[in-house]
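See the structures that follow.
Shared between the two complexes below is subunit A, which pairs with subunit B and subunit C, respectively.
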Partner chain A sequence: MTRGLYGVALISIVLIAIGVATTYFGSRYHLRLVYGAYVNLLVVLGLQVFMGNARITNLSHSAFMGIGAYVAAICVTPETVKAISLPQAPWGLNAFSLDPISSALIAIAITAIIAALIGLIIVRLTAIGATIVSLAVLVIVHSVFLFRTDIFKGNQAFFGIPQVFSLTSIVILSVAVVFIARMFRESKWGVQLRASADDELGAQASGVNIHQVRLIAWILSGILLSIAGIAYAFYLGTISARPFYFNHVFLTLAMLILGGMRTVTGAVLGTLIISFGLESVRWIETGPVVLGIDLPEVLGLSGVVLGAVIVLTMAFRPEGIMGDREVEDLLLKP
Partner chain B sequence: MEYIVQQVINALAFGAEYALLALGLAIVFSIMGLVNFAHGEIIAVGGYTMVALGALMIGNPYIVIASAVVAAMFASVMLERFAFRPVRYADPTTGLLTAFGVSMILQNLFLLFVSPRPIAVTSLYFLDWPVNLFGVQVSSLQLFETGATALVIVALMLFLRRTTLGIAMRAAALDFEMVRLVGIRANRVFAVAFLVSGLLAGLACIFIMARRGSVDPHMGFNPVLKAFVACVVGGFGSLPGAVLGGFILGAVEVAMLVLLPQEYGGMKDAFVFGIIALLLIWRPNGILSPRIEKGDKV
Partner chain C sequence: MLAVDQLSVFHGPIEAVHGISFNVAAGQCVSLLGPNGAGKTSTISAITGVVRATGRIEVDGEIMSDQPVESRILKGVSVAPEGRRVFANLSVEDNLKLGGAIVQNKANIRSDIAHWLQTFPVLGERRAQLAGTLSGGEQQMLAIARALMSRPKILLLDEPSLGLAPKIVAQIFDIIRHLKNEGMTILLVEQNATQALKLSDYSYLLNNGKIVAEGSAEKLGQSNELMAELTGIA
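Our next item is the complex of A and B:
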C-alpha cells in the first residue's frame, strides 16, 4: 500500500507536469489535444481496472464511456437548447436541466446500474465468452445510440453542452483516478482478482469468490469509464455516437496493451506514448510537404500503425512494456 | 402456412451462413485456442479478389468463385505463417489480441490501397433467382446456402473421422503435446486447420457477395461477430456446437424480423444479442461445451 502511494505520487508528478507545461506553452489546439489524451488516459485506467486485474479482454469500454457522456449531457444541457435539439424526446427529457455535479452523479449512477446488470452475465462466462459478449454489448449500445435519435441524435451532433471542465480539472481528475485504480490493484479484492487470473482453480480453492471480485472490478471499471465520458462531454460541448465505437476501442486497447495491462504504470505509459506518437502519424497521414517533397495522403495509416503496435507487442513482449512492474519497482529495492 | 414455411427456410439459410462461418472459427479455436478476429478480413480478401477479376474483365463464374475461394484459403494460411505463429503456444488472451491487431491492419490496408468506399461486384448476381418450391416462394441463393453448408458439414465429418490428418486434428484439440509425440508435424496440423478455415470463409464469401453485391473494408465484421456469438452459444471450441449455435442464431434472427414492428428494425441485432445473453445465463459455457474431464489440461 505504501509503495502504491509512492507510485501514485510519481505518476501524478508526470501528469501534473505535462498539464502545467501545456497550460503555459501550448496553443488552444495543443490544449485540446492534451485534453483528449487525458480523457483517453481515464478510459485506459478504467479499462485496466477490470481487464488488467482479471485479465479478461473487454471490448465494451467505449460503450460505457458513451453512456456516461450521453446521460450527463442530457441532464446538464439547458432546456432552451434541448427544445431545439431534442424536440421529440420522450419522458420529459427536454423539460429539465440540472447543475453539472448532479448531472455527473446521475450519469455515474446510471452507468453503474447498467454495468452491474451486464456484469452479472459477463463474470460468469469463460474468458473468451466474456470477450465476445462484451463485443456484443458494444454493438447493442451503439445501435441504441443510433436508433433512438429522439434521445441521442444518433450520428448527428448532440450540441449545447455547457463547458464545465478545463485542463486543470481533468489533470486533477486523472490524478484521482490513478489513485483509485492503483489502490484497487493493491486492495484485498485486487489481489484476489489477480490471483484468480493467475490460477483460477487455485484461487477458488483458497476461498476467493471469483464471480464476486470480478463483478466488483467490472462495476468500478464502468464507473471510471463513465467519469471519462463525462469529462469528454463537459469539455467538448458536442458529442455524437461515432467516437464511442470501434476506432476508439482499438485506440485505447492498443494503449493499454503497449504499456502493459497488468499495471497502472503501464496504462499511463502506453497512453502517453501512443497519444503523442499517433499525432505524428496523423500528420504524415494528411500528406504534408517535407523538405520540398509533397507526400501523398495516406488515409488509414494510423489504423495500420495501431494494429502493428498490438501485433508486435503480442509477438515480442506479450505482457507489455512494464510487465508486472509498477513505476516504484524500477526505483525502490524490493 | 406458406408464410411459416417461408420463414423456416429463411431461418435455415441465415443459420447456414452463420454455421459456415462459426465452423471456420471453431476449427482454429479447437486446435490452437485462437479466437480469430481476422476471419472477417479473410472474407473481404475473397471479395476484393472478385473486384480484381472484374477489373481484368474476367466474368466466367467458375473462375470467379474458384479464385475467391483459393484467395481466401491462401490468405488464411499466410496469416497463420506470419502473424499467428509467434503466439502459437501463448495463452488465449495473447492470441485474441494478436488477431484483433491483424484484423485492424488488414482493414486499414484495404482502406489504404483500395478504397474506403464500397465497390460494386455484379458477377455473382446470377446465383440469385426466385424459385417456386411446392408453392412457396424462396430464393435460389437460400437453397444453395443451406445445401452447401450441409455438404460442408458432411465433408468435414468424413475428413475428421476417416483421414489420418483429420484424426490428428481432433486429437490435437484434446492434447497437442501427445499428437506431436506420436510423430505428427505440428506445422502441418496448424496449416491444415487454417486452410479449412479459409475454405469455409471463402464459401461464405461467395454467398455474402451474391447477396450484397458490394465489398468494403468492414464487410466481414458483422457476419463474423454473429459467428462468434454462435460459437459462444454452442460452446467455444466444439464443432457441433458451432453448427448448432449458428442455426439457433439464424432462428432467433428471423423470429425477431417477423415479430418486431417495422419501426424497431434498426434494433434487431440488439434484441438478438439480448436473447442470446439470456441463453448464456442458463448455460454460461455454451450448450455443447466440451466437458472437462479428470486429467484434461485446464
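Our next item is the complex of A and C:
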C-alpha cells in the first residue's frame, strides 16, 4: 500500500506536469489534444481495473463511456436547447435540466446499475464467453444510441451541453482515478482477483469468491468509464454515437496492451505513448515536407500503425512494456 | 475430528468416488493412498467443497457437506491443492496474505506471515519475489504455508511430493512431520506410498473410487495386496 502511494505520487507528478506545460505553453489545438489524451487515460484506467486484474478481455468499455456521456448530457442540457434538439423525447426528458454535479452523479449511478446487471452475467462466464458477451453489449448499446434518435440523436450531434470542464479539471480527475485504480489493485479484492486470474481453482481453494470480486471490479470499471464519458461530454459540448464504438474500443485496447494491462503504470504509459505517438503519425499521414523532402499523403496510416502496435506487442512482449512492474518497482528495492 | 460417511463424488455425470467412509482423529496424520485415478483428489475436493458430492462430511461434529467453500475454510478446513497452484504473478507475501484473507484480521495476518516466513526461511528470503519464479519445492512450501494461514483445524495435503526431486520430497515430508509434531491434524493424499506410510498413524488405500484396504503403517506396509494395488504387479 505504501509503495502504491509512492507510485501514485510519481505518476501524478508526470500527469500534472503535462497539464501545467500545456496550459501555459500550448495552443488551443494542443489543449484539445491533451484533453483528449486524458479522457482516454480515464477510459484505459477504467478498463485496467477489470481487464488487467481479472485478465478477461473487455470490449464494451466504450459503450459504458457512452452511457455516462449521454445520461449526463441529457440531464445537464438546458430545456431551451432540448426543445429544439430533442422535440420528440419521451418521458419528459426534454422538460427538465439539472446542475452539472447532479447530472454527473445520476450518470454514474445509472451506468453503475447497468454495469451491475450485465456484470451478473459476465462474471459467471469463462474468459472467452465474457469477452463475446462484452462485444454483444457494445453492439447493443451502439444500436440504441444510433436508432433511438428521439433520445440520443444517433449520428447527428447532441449539442448544447454546457462546457463546464477545463484541462485543470481533467488533470485533477486523472490523478484521482490513478489513485483509485492503484488502491483497488493493491486492495484485498484486487489481490484476490489477480490470484483468481493466476489460478482459478487455487483461489477458490483459498476461499476467494471469484464471482463476487469480479463483479466488484466490473462495476468499479463501469463507474470509472462513465466518469470518462462525462468528462468528454462536459468539455466538448457535443457528442454523437460514433465515438463510442469500434474505433475507440480498438484505440484504447491498444493503449492498455502496449503499456501492459497488469499494472496502472502500464495503463498510463500506453495511453501517453499512443496518444502523442499517433498525433505524429497523423502529421505524417498528411504528407508534410520533411528536410526538404515532400512526403506523399498516406491516408489510413494511423490505423495501420495502431494495428501494428497490437501485433508487435503481442508477438514480442505480450505482457506489455511494464509487465508486472509498477513505476516504483523500477526505482525502489523490493 | 474429520468424519466422512458414504461420500460419493461426481464430475458431471461420472461418479468418481463410490460411497467411501473414513475418519481422521485430532492430532493424527492419516493418508489416502492409491494409484492415479483412484479418486484421491476427488475426495479432497469434496471435503473442500469445490465439486459436487453426496454423503456426509463432519469436522468437529459440525456438518460441512451442505456448506459453501468459504464457510468450510472459516470452520477450519484448509487445503494445499494438487499441483501446488500458487499464484504465479503475486509475491510470496501476497500469496500468504490471500491464504488468510477470509479468516483473519489484519494484525493476525501480519503476525502469521512473519511466523511462517520464519518457519520456512527459504520463503522468508524470497518474500517479495513472484511465486512463479520459485522452484517446485519452494512453491510446495508456499502452498502449505498459504493453507496454514487460515489457522485450520485440519490440513489437507494433496500430492505434496508430486513432480519433485527425491531430495526435495524428503524435505517436504520433514515439514509435514514437523507440523504433525506440533499437533496439526493432517489428511495426506499421496502416490508416494512408502514415504507417506512412514509418517501416517493410519492409512486408507483407495482404488477405482473405493477403499480397498486400511490399517496402520506396519500392517499395510507388509501387505502384498497393497503393493499389488499400488504398482499393478501381483
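The rule we apply is simple: the second predicted complex is superposed on the first by the 326 of 334 C-alpha atoms of A that agree within 3 Å, B and C clash if a C-alpha of one lies under 4 Å from a C-alpha of the other, contacts with A are read in each partner's own complex, and residues count from 1 in each chain.
Please note the rule applied: a contact is a pair of C-beta atoms (placed from the backbone, for glycine too) under 8 Å apart; a residue touches a chain by one contact, two chains touch by 3 or more.
On a predicted model such as this, the values are computed, not experimentally measured, just so you know.
Within the superposed three-chain model, A:188 lies in touch with subunit C and out of touch with subunit B [touch as defined at top].
Once the two complexes are overlaid on the shared chain, A:250 sits against subunit B while remaining clear of subunit C.
Touching more residues of subunit A than its counterpart among subunit B and subunit C is B.
When the two structures are aligned on the shared chain, A:201 is found in touch with subunit B and with subunit C.
Once the two complexes are overlaid on the shared chain, A:87 sits clear of subunit B and of subunit C alike. Once the two complexes are laid over each other on the shared chain, residue contacts for A:324 go to subunit C alone; subunit B is not touched. In the superposition on chain A, contact of A:209 is made with subunit C only, not with subunit B. Contact with subunit C, but none with subunit B, is seen for A:262 once the two complexes are overlaid on the shared chain.
Of the two partner chains placed by superposition, only subunit B is touched by A:309; subunit C is not. In the superposition on chain A, the residues of subunit A contacted by subunit B and by subunit C overlap at 201.
Note for the complex: subunit C touches subunit A at residues 48, 50, 69-70, 73-74, 79, 81, 85-90, 94-95, 97-99, 101-103, 128-130, 146, 150. Residue ranges of subunit A in contact with subunit C, taken from their complex: 188, 191-192, 194-195, 197-199, 201-209, 262, 324, 334.
On the side of subunit A, the complex with subunit B involves touching residues 55-57, 120-121, 124-129, 131-133, 135-137, 139-140, 143-144, 146-147, 200-201, 250, 253-254, 257, 298-304, 306-311, 314-316, 318.
Contact residues on subunit B toward subunit A in their complex (touch as defined above): 29, 35, 83, 86-87, 90, 92-94, 96-98, 100-109, 111-112, 116, 225, 228-229, 231-232, 236, 264, 266-267, 269-270, 273-274, 276-277, 280-281, 284-286, 298.
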